[in-house]
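What follows is a structure written as structure tokens; I'll ask about it next.
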Amino acid sequence: MESVGSIIAYVVIALSIIIFSVLAVTTRKILRAATYLLFALFATAAIYFSLDYEFLGAVQIAVYAGGIVVLFVFSILLTSHPGDNSARLASKKRVSGLIAAIAMLLVSGYVLISRCIGVAEPAMQSIDMQKVGATLMGTGHGEYLLPFEAISVLLLACIIGGIVVARKR
Amino acid sequence: MESTMPVLILAIPLFTFLLLGLLGKFMQRGMAGVIGTSAMGITLVLSYITAFTYFFSGNPLFISAGGDRLQAVIFNTVWLQFTPDQIDAAGQIVKHGLAIKLGFLLDSISAMMLVVITTISFMVHLYSNGYMRDHHGVCEKGFQRFFAYLSLFSFSMLGLVVATNIFQMYIFWELVGASSYLLIGFYYTKPSAVSASKKAFIVTRFADLGFLIGILILSYYTGTFNFTELTSVPVEGLNDVYAVSAGTAEHIRSIFADSKAPLFMGASVMTWALVLIFMGGMGKSAMMPLHIWLPDAMEGPTPVSALIHAATMVVAGVYLVARLFPLFLMQTSALDIVTVVGAVTALYAAMVACAQIDIKRVLAFSTISQIAFMMVSLGVTRIAHTDALGHEVHEGLGYMASMFHLFTHAMFKALLFLGAGALIHAIGSNDYTAMHGLRKYMPVTHWTFLIGCLAIAGIIPFAGFFSKDEILTACFGHSTVWAIWMTLVAGLTAFYMFRLYFLIFWWKEHKVHGEHVPHDQPWTMTLPLIILAAISCVAGFVPFGNLVTWNGHPITGAGFFTNLDNLNWNVAVISLCVAIIGILVAMKMYRKENPLPEKMRSALPRLWDWCHHRFYWDELYMFITHKIIFDRVCKPIAWFDRHVIDGTMDSFATMTNRLSVAIKGLQSGRIQNYVWVYLLGALVLAVVTMLCVL
Amino acid sequence: MFSNILIYFVLIPLLMLAGLGISRNVKQIRAVAVVGSTALIALSVYLLVDYLGQRAAGNEAEMLYTGSWSWFTPLNINLSVGVDGISIAMLILSSFILFTGSFASWKIDQPKEFFLWLILLSTGVYGFFISIDIFTMFMFYEVALIPMYLLIGVWGSGKKNYSAMKLTLMLMGGSAFLMLGLIGIYYHSAPAGQPLTWNLLEIAHNNAISTGWQHFLFPMTFVGFGVLGAMFPFHTWSPDGHASAPTAVSMLHAGVLMKLGGYGCFRVSMYLMPEAANDLAWIFLILTGISVVYGAFSACVQTDLKYINAYSSVSHCGLVLFAILMINTTAMTGAIMQMLSHGLMTALFFALIGMIYGRTHTRDIHEMGGMMQILPYLSVCYVIAGFASLGLPGLSGFVAEMTIFVGSFEQGMIDYLGGAGSLRLVFTIIACCSIVITAVYILRVVGKLLLGPVHDDHHRQLTDATWWERLSTATLIICVAAIGCFPNFFEQLIRFTFNPEFFRALAANVPVLN
Amino acid sequence: MEKTMLCYLIPSLIMFCCGVYGFITRKNMIAILISLELMLNSVDINFVVFNRFLFPGSMEGMFFTLFAIAIAAAETALAIAIIINVFRSVKNVDVEEVSKMKF
């Protein structure tokens, strides 16, 4: 039996994920969409915390909320005038979007409900940073040096690519 | 006989053609005429020597010990080998493969034709030097070209008559057709000349199709093209010398008869072959129904008409039948066809000639009629028997008569044409309505023309009398019906020729327009007239029965007056009477201006119309070629090609295009669409999987 | 490799390409084209002389100058070369037409690019004729086809994009069939257990293609090559393509490229699959027989000079395939003669049409007339070409047609008397009719275009042929006349290949006279 | 009341569906990118949840999410660079208008 606090926390998190996600894709002001996204990301970070992945939650906040959303905001400011509303959606498009989304929801929801019901949260020790670091740097089984290096190269490439693409000619 | 002379006979005209054709425009016009004429003169001399040697030298190559004339192959080289020679193990040739050879076959008819061709050709060359100039003596434009073409024609015609094999004949047959085309269309700026030349070529080409197929059939069965293998046997002990033999022809016939399929559509294959070959002859010799090109061919310059369309090329058909005569003799059904075609054409052409206004057209139809005489004469020739009048008819009399008539007709018809040319040159029109009463102005032309008319009408002692008499005798020997038919045609001939003569030279006094008074032409034009008139007077005495017979065996003895001795006087009297009646009727109607012709015409309007319009053959042909072949065959085919065949091909392209346009929407480039489709696809797959698994 | 003379037939064009690459102005470009094509003529004539010498010395091999260099070992693809009399005839034809074509495009726009593609095309042509490896043959075939698209699309006239696209697509469609056929042949090229091969001679020697497979592969290859040979009903690229193509391209295309079709038909289809050739000839005999008269009838009512000539090509090339299908030594010899003859005279025709079009800017015969008075030289050449086309003795058309007719008729009679049906006989006679129809359309053009009064007074200012035009046409006329006057030389050159020992299709069809 | 795995997965699924809806319907390229982030994020949650509930002893899910976040950052940076570049040349970030490179 969970504590009431954690249930309330869960409900808040789940609701904010749902609400902000819906808002992020339905609002007609792009800057607001970015803000809603930010809240959804925070809520996700909260899920990570609640599942005892503190490091991951921290990364989520730092990279996503702190980095990506800021990028979004800058780019929005660069490409649109504040107060612009995006055009109303054509109903055909909205219907097709809704069909896809609801079909997805139904099919996946059916699978989830029929298969994943009743898996309780097992006990888990909180993961300390040292272990994370060792795993990331190790080369043994279940250790991630190679992907880490690959990610580093990728990020470097992205930096260069971003500069090249966005550079003024 | 060494072969340089025959080679030269062919080479000189060819060389002259190339010389004038390639370099003609760099030389003065008159020069071209001189070169052409003198080259032809040399050829004339060489041909005369050759013919004289053949007929009178007594050389064993040319005449056998028994007095039979032989065929000598002077030279013969392979030009195109179709099937290889079959060689046995020892390297000996077992059987010669099929090959076109080019060579020189000297026998009585080719020697005779050499004389005819070179004589007429030389006369025409000479005459053209005057004719192809205007009244101030300035040469016409294209003078060099004209002589080049004449040389080409002479070369081709000489090559045709000396052919050693039927394919060589076909080759030169086509070449004379082409040179005829070029010469008819000499005045190429005149649309009528252009269409006439086209017509001549295409009609004869159509006939040649039959000729070609005939050759193919004949050569398939016999395995050879060579005349010497088809009709002759080699003479013992001499190389390349042959004697015409009925036995060989009989052997050929047996090859056909013994083959697996001797009959085709009821007639024997050999008859088919010969009739198809004869079809080629019909085209060139303007036999009905392939005669329609010849009257139009008169669009060419008149000397050309004299050379090609009166004396030489048009008798090629007769020559062809004569060349293969032993084969025809073996297949009398083919000969019957020759007879019928000839007889019908003779009457038809004679009737039409009575109602023409253009003097050259009259002469053209007269030519058709006279050639038909030769054809009939060949057609009625059979082996020896007794005729209806109780006379012994010699084997091959008709053949001899035919060749005889060919010879005499060439002379007097060339004379008539050249005379007509002189008139046209003087008057500037082809219609007799523009002439009338010219006898005082152009005496030389008048007298020579009269001689020509007498000769063609068959009045003793002019050339036509003898040859026509022999023909009629041969006809009587075969069938009384045809004999009477041909006698009537002979009468008609006399009538229409004298109608022409009187309308040109008598009828009424000539009206002189302005300063231009018609007069005789310069010597280059009158000299040939006089020479040909002289020949027409004496040619009848040439002992053809001795010189030219189908198997080389003389019918009559040698000597100058033998023709008179050998006349069948019964026939001669009949034909003379008929001819004189014809002349008298013509004289009555046309000597002085009188209303009789007009009355006749209004009395028989239908007949006049039909004759005047040549029985509407041209209209019929026009209908067939334009309305049926062009409009009903060619145009639908062209339409079919563009719309059905090409349309199908295009519709493949259009269909592909439509399909890709239809599919193109899927590949819209909009990532959102892709995602949508992808997602739904994945979901469907998921559902399907679930339904299957669960 | 370079000791084999045949390699130079590909090497010289490649050198010419290099030469064009470095040439700076139009004079240098012309020099490269003329020198190169002259060298090719010299080479092919030398090859001819040497070949005859070897044959005279008693060399009885089927192909001479053979050589083979490995190219892609896993699939056993080699660059194998070798020639016999027929290939040599084709090489000579190609050289002369390239030579005259270079002169005919003396004043072309963008000469460098034009000659570049033209010579690339001829590289393909030469490569095709010297190859005896069917894979490289196919490759060179494609090399010859592709430049055509650009040559027509860029330098053409009229609705050139459509025509270029149509021509290329239809020929490529043919290639698809062809490739299928060739790969099929490869997989049946050797008896089980032996290595597969693309080499023509080895395949023929192995004789391992089963009759059932032949029945499938023969139509594939025959149709594939037949499309290029303008076989009914796959001929419709020809009128449009030729009408739009620039002069030299029309010349090369009708003169040489269409011969690739006929050559391929007999070298691959008939040679490698004799049983199927005998069994299935009747289908294609009907199609090609139709081509012959159909093309001729269509030509009778066309008004565009190039269309007339294109349809006449359909008719004449139909005769080539028709004769090949007779499977008779004489007829097949005639077919090769017809290829030579048609190549030369149609090149002459297209050259002349191009020259007339270049002056009058129209090809409609109703808009021209009396050219004989204005352009005497070109007109006389046109008349000569016309005479060659309608089969006047002394020019090349006659000997080719007569050889075909004699051979076909012989085979037709053999069939007919031997109880094998009268199809060949009937179609031979139908094909013979084409000589009349040909005369009709040729004389129609000559009458309308050259003779008669001048139709358009503006045309009176036109000037007659320039020296390069004269050279080009005169060369072709001399070639046409040479074949027409001395046909036996060419017949003997060609005939060697049609030996039943080599050419197995003939073995079933050895002529027996009665 | 126990918090089962489903409790986490359902919000994540809804988030994903929102992403799908947004991705399909929005025209603004940045909005599309935002939708994409939503989807990515929901997937991240799933990884973590599965790791946490099914394989509590191992860390694969967590690390995968970690890398996914890093890659998402890189991708977003690049995408935004491209969008800004596109905006510079066509003065628009509407995905319908940017069709010059199509076909």
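Details
We just call them A, B, C and D in the order they show up, numbering each chain from 1.
We take it that a contact is a pair of C-beta atoms (placed from the backbone, for glycine too) under 8 Å apart; a residue touches a chain by one contact, two chains touch by 3 or more.
Just so you know, these numbers come straight off a predicted model, no measurement behind them.
The most distant chain from subunit A is B, comparing centres defined as mean Cα coordinates.
With centres set at the average Cα position, the gap from subunit A to subunit B is 103 Å.
Our note on geometry: subunit B versus subunit C, Cα centroid distance of 37 Å, whole angstroms. Centres computed as Cα averages put subunit B at a distance of 97 Å from subunit D. Averaged C-alpha coordinates put the centre of subunit C at 64 Å from the centre of subunit D. Touching of two or more other chains is recorded for residues 20, 24-25 of subunit D. Residue positions of subunit A with contacts to 2 or more other chains are 96-97, 100, 104.
Taken residue by residue, subunit B touches two or more other chains at 675-676, 679, whereas all remaining positions touch fewer. Pairwise chain contacts in this structure: A-B, A-D, B-C, B-D. Against subunit D, in their complex, subunit A makes its touches with residues 1-2, 6-7, 10, 13-14, 17-18, 21-22, 24-26, 30, 33-34, 37, 40-41, 44, 47-48, 51-53, 55-56, 59-60, 63-64, 67-68, 71-72, 74-76, 78-80, 86-87, 89, 93-94, 96-98, 100-102, 104-105, 108-109, 112-113, 116-124, 127, 131-132, 135-136, 142, 144, 147, 151, 154-155, 157-159, 161-163, 165-166, 168. Looking at the complex, you find that subunit B touches subunit A at residues 675-676, 679-680, 683, 686-687, 690. Within the complex, the subunit D residues that touch subunit A are 1-22, 24-28, 30-31, 33-35, 37-38, 41, 44-45, 48-49, 52-54, 56-60, 62-63, 65-67, 69-78, 80-85, 87-88, 93.
Contact residues on subunit B toward subunit C in their complex (touch as defined above): 78-84, 98, 100, 167, 170-172, 174-175, 178, 181, 185, 188-191, 194-195, 198, 201-202, 205-206, 208-209, 212-213, 216-217, 219-221, 223, 255, 259-261, 630, 633-635, 637-638, 641, 645-646, 648-650, 653. Those residues of subunit A whose C-beta lies close enough to touch subunit B in the complex are 96-97, 99-100, 103-104, 107, 111.
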